[in-house]
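Both complexes shown next keep chain A, but they swap its partner, so chain B is in the first and chain C is in the second.
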Partner chain A sequence: MSPRPGYVLEVDRTTPPVLFWNGEGYLLERLPPEQSRIVYPPDPLKPLEDPTEHIRNALSHPIGDSQPLKSLLHPGMRLTIAFDDVSLPLPPMQQPDVRQLVIEEVLELAADAGIEDVALIAALSLHRRMTEQELRHALGDRIYDAFAPYGLLMQHDAEDPDGLVFLGTTDLGEEVEINKRAATSDLLVYVNINLVPMDGGHKSVATGLASYRSVRHHHNVETMLNSKSFMDMHHSELHSANWRMGRYIKEQGIKVFQIETTLNTNTFPPQFSFLQKREWEWGPKDRASFIASSKALSIMGDRARRALFHSIKAPLQLTSIQAGEVEAVHQVTIDNVLKQQLVNVDGQTDILTMGLPYISPYNVNSIMNPILVACLGLGYLFNMYIGKPLVREGGVVIMRHPTPLAFNTAHHPSYIDFFEEVLADTTNPAEISKYEESYATDPWYRELYRTGHAYHGVHPFYMWYWTAHALDHLSSVIVVGGNTKAVKRLGFRPASTLADALEMAEDSVGGSPTITHIRVPPLMMAEVS
Partner chain B sequence: MPPDFPFKKPTWPVKVPAPLPKRSIGIEYDTSWSRSPIACKLRSAYIKGLLRPSMYAIARPSIKGASELDLVEPPVIFVANHSSHLDTPLILSILPGTFSRKIAVAAAADYFFDRTWKAHLFSLTLGAIPVERKRPDRTSAKLAISLIQDGWNLVIFPEGGRSPDGWLQEIRGGAAYIAEHTKRPIIPIHISGTYQIMSKERSQVSPGSTRVTFGHPIIYSDDQNVRHVNDLIYKSLARLADESSTDWWNATKRHAKGESPSLSGPDSAAWLRAWKLPNPRNESNVDT
Partner chain C sequence: MKGLLFEHNIPRIAASRIISRLASTQRGVNVSPLRLLDIDRPALPGPQWQHIKPILAGICGSDISLLEGKSSRYYEQLVSFPFVPGHEIVGTISGSSDKQRVVIEPVLSCAARGIDPPCRYCAAGNTGQCINITSGHLHPGLMIGYCSDTGGGWSVSGLVAHDSQIHPIPSEMSDADAVMVEPTACAIHAALSLPLMPDSLVGVIGSGTLGLTVIAALRKYTEVGRIIASAKYPHQRDLALSLGADQAPGSDEISRAIRRSRHSTVAGMTVQDGADIVFDCVGSRRSIEQSLEMLRPGGHIVLVGMGYKTAIDLSPLWHRELSITGSYTYGMEKINGNTRRTFDMAIELAYEANLGRLVSAAYPLERYEEAIEHAATAGSRGAVKIVFDLERKAHRSFTATHTSRLEKHEYE
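Our next item is the complex of A and B:
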């Protein structure tokens, strides 16, 4: 039997309160009846029963214009295996991570072929370097211990002049500069976890293994304003730019064997399973778990609460794997991602509400600072649509998150200055770009990125560019329960309660507005008719 | 003040289709606990200590043909006509320990198992197992077959429910189906008099006398089918009804000629059917 599809519930007086995530916590809120609806994601798909067998099958039966991996491997060749970094999946999955399962099979074939020159690269792009613990979690001890001690488990460095190679420019003048080891290999195998439709395809190499010089061509305001949404490949300039670069990379003779995997949305372990159940289906155990965990979280300190949530390992399971030629593989992957996440929604809404959880791609084992709050709500969740945004043009987004005025100084050093300097000047994504170069080329940020665990100096700009489409589309953004100073600095309106926020929103959208609440996570994509 | 939910059960939104009720009662009720050694001992004590004295006081049964039970080894399938709630207690009260120690009674799932308390009560006191009688369902037949294969005797009323007027209703195929799949003997039992003590329409008990007549075992052979066995059950019950109001020899002779009195009653007005109904209190009503 197929899992239940997503569901749109029209709220009436019999509807129980709905769960809102609130950072490192959650609460129940009542939405106004007869004018609200709640969009619930589909239930998790059934996983593949024997993942290893499916992985082997994918490697030996590639999609598109590609030979089986085994026949691409031969003694004396230079093989590089790149893989997605700590930003995927979310939350980090229970071991064994799918990257470990796939790479072990690739390495088995490489060993059988007698290949000596093999290296692994974490495709960080401009993200922070992964810790040993994070690498061990993603790859398993066996791989880590076989490669890391010999310097063969590398992390991509987008600022290493000796580790990058400039390939040329696309027809539109976009500079293509990628990791030298990858570019000079006889074969580059890229192992993806495709959590959302944006992941994978040519973006894997063209962004994941690219330099700042290259990434800046598509990580900018213009691209974002022309990506409606960037989760919809057919209407995404981000996608188009990466495809141009990816095809250019291919034309330069760089051979990529693409492996893409999709996971189901089995997001929370049993003790938190109520978080992905529809409220009216909560049994006594779910209600007891909610009450007990809410009470416990309310008396815990910030640090303990954060540690608790970031210790959650998701019981995500493999639902598909496809390998071979990049574009052919990605087409199948997109279908599989949408099979899990797509929900049909009838029409747009005046007000879109969302409870933001504790995690985004850029604060794994870290703090969700105000800029990441904005990016998660307006960059990611707002853009999880195909067709039209869930909220109408001129509508309002209401997000619930404590938005603490706190930053992880090791992970997000440039974010602090961005918050204090850039956002204090302007919150207009088009205007902040004047500061971009100074942050991107700042030697201290560069040093922290290259040798520590810091995001690239330019990264907070990208987070803000990510919000450009939403900010252009909306008339107002309200944050419920957030730190007032932080919320105001972001250019949003603070509200103490959801009721206050809804009243404030009526200033922009008029009386008796329609309200849509997206009940995420688990993730979903709305196809809005 | 805390909200109702989550401290209380959530309301079910009216626009969300209600799920099918959890079928932990009715046909899905799990009676296995009632066949545990402790439950069997409790049931045995209840039958011996309370049920049997009560039934002998209320129904004063006279028993014929009990020697037929000496001819068979458990497990067997008891089939009986059914016109009163007293039929089951009466059978359980008079069966010898060889059979009553391990016995299950097929009971209507929609009546005896429609509430949890009823399901618990009847499965404990009577060894009842749920039987679906309103739609085709193999669940109960499978359970019954597995119980018999496990050495349990079974009491089944092949009419599927109590007779509304005391006359025999159409015999359904359940007993024959079970016999076909287990190859165990069917023991026909005819009960008369319980309708007058407590009929379907009358909840009050009016103590009286009853007659219980055991028939010759019916063995399902490979050359028979369910319809044939149903016919044999009907003829056996007719003969036993005749025997209960006359004597074995005359009933046997009428049976041999195919002249046993009809059990389904005359095709006439309701009062006439009621008038003609055999009654241990008025032997002359037997229609020959």
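Our next item is the complex of A and C:
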């Protein structure tokens, strides 16, 4: 029996309260009947039964204009294997991570071919460096111990003048500068996890292994305002720019063998399985789990609660793997992502509500600071659509999240200054760019990015650019239960309760508005008719 | 006529210290040795002295420290009891036919004390450094407001001032601007205490009266480059920016703002290449530590806020060759090759910068407990400077404007 597709529930008086994530916690909220609907993601797809066999098959039966991996490998060649970093998947998956499974197979083939010059690179782009524990989790101890001691497990450094190579510019003048080891290899194998449609394709190399000089050409406010949405590659300037760069990289003779994987949405382990069930299907055990966990969370301190949630390892499972030529591979990947995540929704809504969870791509094992709250809600979840946004132009987004006025000083140092300096001046994504270069070239941020575990100095700007389309589209953003100072600094309106927020939203959208709640995670993409 | 008298009563001083800390300044004042009494105006100490009838008299941070029992015992020998507090004064010369308004330069230096020849510091015009503040024909006292012979501004009956202390003000200057002259003079003296280059990066800790007037003074009388001032409250931020600060981050944010400005690295808590000068207008242990953390090597702290006994790790002072210098009152300033009296400059600045806008509320003397409480909690209540309105008439015109503007900021 195939898994159930996504579902849109019209709320009436008999509808049970719906679960809202609230950062490191969750709660049940009642939505106004006869005017509200809840969009549920599809059930997790059935996983591939023998992942290793499927991986081997994909490597030996590539898609598009590509030979099998084995025939691309020969003694004396220089092989580089790049892989997605700690921002994927979410939450981190239970071991073995799919990157480990894939890379082990690639390394087996490389060993069989007698290749000695092999290196691994975490494709960080401008993200923070991974810790040893995170690398071990993604790659497994065997790979880590075989490569790391010899300096052959590297993390891409977008600020290393000796580790980058400038390839030239695209027809539109976009500078292409990528990792030198990758660019000077006889073959670059890229191992991806495609959690959302924005990931993968040419973006893997053109962004993941690029420098700030290169990334800035598409990570900017103009690109975001012309990407509707950036999750829909056919209407995304972000993708267009990456595709131009990716094709340019190929034209320079850099050979990329792309391996892309998709996972199902089996997001939470058994003790939290109620979090991905539809509320009216909760049994006594689910209700008891909800009550007990809610009670326990309410008496825990912030640190303990954060540690608990970030210890969750998702039982995500492989649903597809395809390898070969980048564009051909990615087309199949996107089809498989949408097979898992797509939900058909009839028409737009006046008010879109969402409960934001504890994690986003940029706060794995870290704090979801106010800027990341904005990015998760308005950058990621708002943009999870094809066609048109779930909420109409001039509508309102209501997000629930505590939005603590807290930052991880090791991971997000420039975010603190961005919050204190830039957002104090303006929250307009088009205006903040005047500060960008100063942050991007700040030697202290550069130092922390290169030697510590800090995101690049420019990264908070990207998070804010990510919100540009939503801010341009919406009339108002309301945060329920957030730290008032933080919410106001973001330029949003704070509300104490959902009822208050709905009443406030009516100022913008009028009386008796339609309300749509997206019940995420697990992730979904809405195709809005 | 009514006046507030502060007596030497150690048990009451101790009680006010405890109660201020545990309850509120107002309750501390209740038990302090400050009493509202009928007070006669003081006798003229000599022929060159005048009776002054105050119009407005400000409440200074040093007054609050005194009333909360927090002042250092260092000052015990430098004052004489009982005294009428109040050293920020605009008033008129009693008996003068033209009702000329004057501001008082309260320091009781050699001239006021009848010491001739004056000490070498007074001779050079640096009256704030006078070494004779316990000598001469007056009882000890740093200044009017701390001397048993002179009276002070917190008295309807008035005070006495030596001719050398009396400064006429222009007729177009408001009373509110005028009552700001004395703190402004302190700020100018601090701002000019060290040379500042056009590209200097300056930090100002605190955006209360002293911090805001230091910003105004830096902009008016120096070529300082960038000024970053910490502001705890929104109204302080707005005022700091309007008076010339380039940036006004929160009080916990200033170190990072200084670092950002210089693109410096950080070691531990210390910005490696930070501000050239930090004006500490708070004077607390934390503010001094914060200052030490945000200076460049060889940088300077100017302690503008009144210091007190505290323990501070001086390792960065030694290792990074920092210096700390106090800044007390005023005298003569060297500026652009000329020498000017600080008070003349303060009159000029207070008028030009409309510093009377910092006066947030005026109280009649009878409501002194509320007034002092308001002054002690000024920042959190959207206020800056609280004054006594000794004539009970002048306050309405300006307080209506200023308090409504400040309160508006508080609730934004």
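The rule is simple: the second predicted complex is superposed on the first by the 529 of 529 C-alpha atoms of A that agree within 3 Å, B and C clash if a C-alpha of one lies under 4 Å from a C-alpha of the other, contacts with A are read in each partner's own complex, and residues count from 1 in each chain.
Going forward, a contact is a pair of C-beta atoms (placed from the backbone, for glycine too) under 8 Å apart; a residue touches a chain by one contact, two chains touch by 3 or more.
Because the structure is a prediction, the values reported are computed rather than measured.
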Contacts of A:162 with chain B and chain C, given as first, second, both or neither: neither
Partner chain(s) touched by A:16 [first = chain B, second = chain C, both, neither]: first
Partner chain in contact with A:444 - chain B first, chain C second, else both or neither: second
Partner chain in contact with A:421 - chain B first, chain C second, else both or neither: second
Which superposed partner A:49 touches (first chain B, second chain C, both, neither): neither
Between chain B and chain C, more extensive residue contact with chain A: B
Touching partner for A:279 - first (chain B), second (chain C), both, neither: first
Chain A residues contacted in one complex by chain B, in the other by chain C: none
Complex interface listing, chain A residues touching chain C: 416-417, 420-421, 424, 438, 441-444, 447
Partner chain A, residues of chain B touching it in the complex: 3, 5-7, 9-16
Chain B partner contacts - residues on chain A that touch it in the complex: 7, 9-12, 14-17, 28, 30, 279-282, 284, 286-287, 290-291
Residues of chain C touching chain A in the complex: 247, 249-250, 253, 256-257, 259-260, 263-266
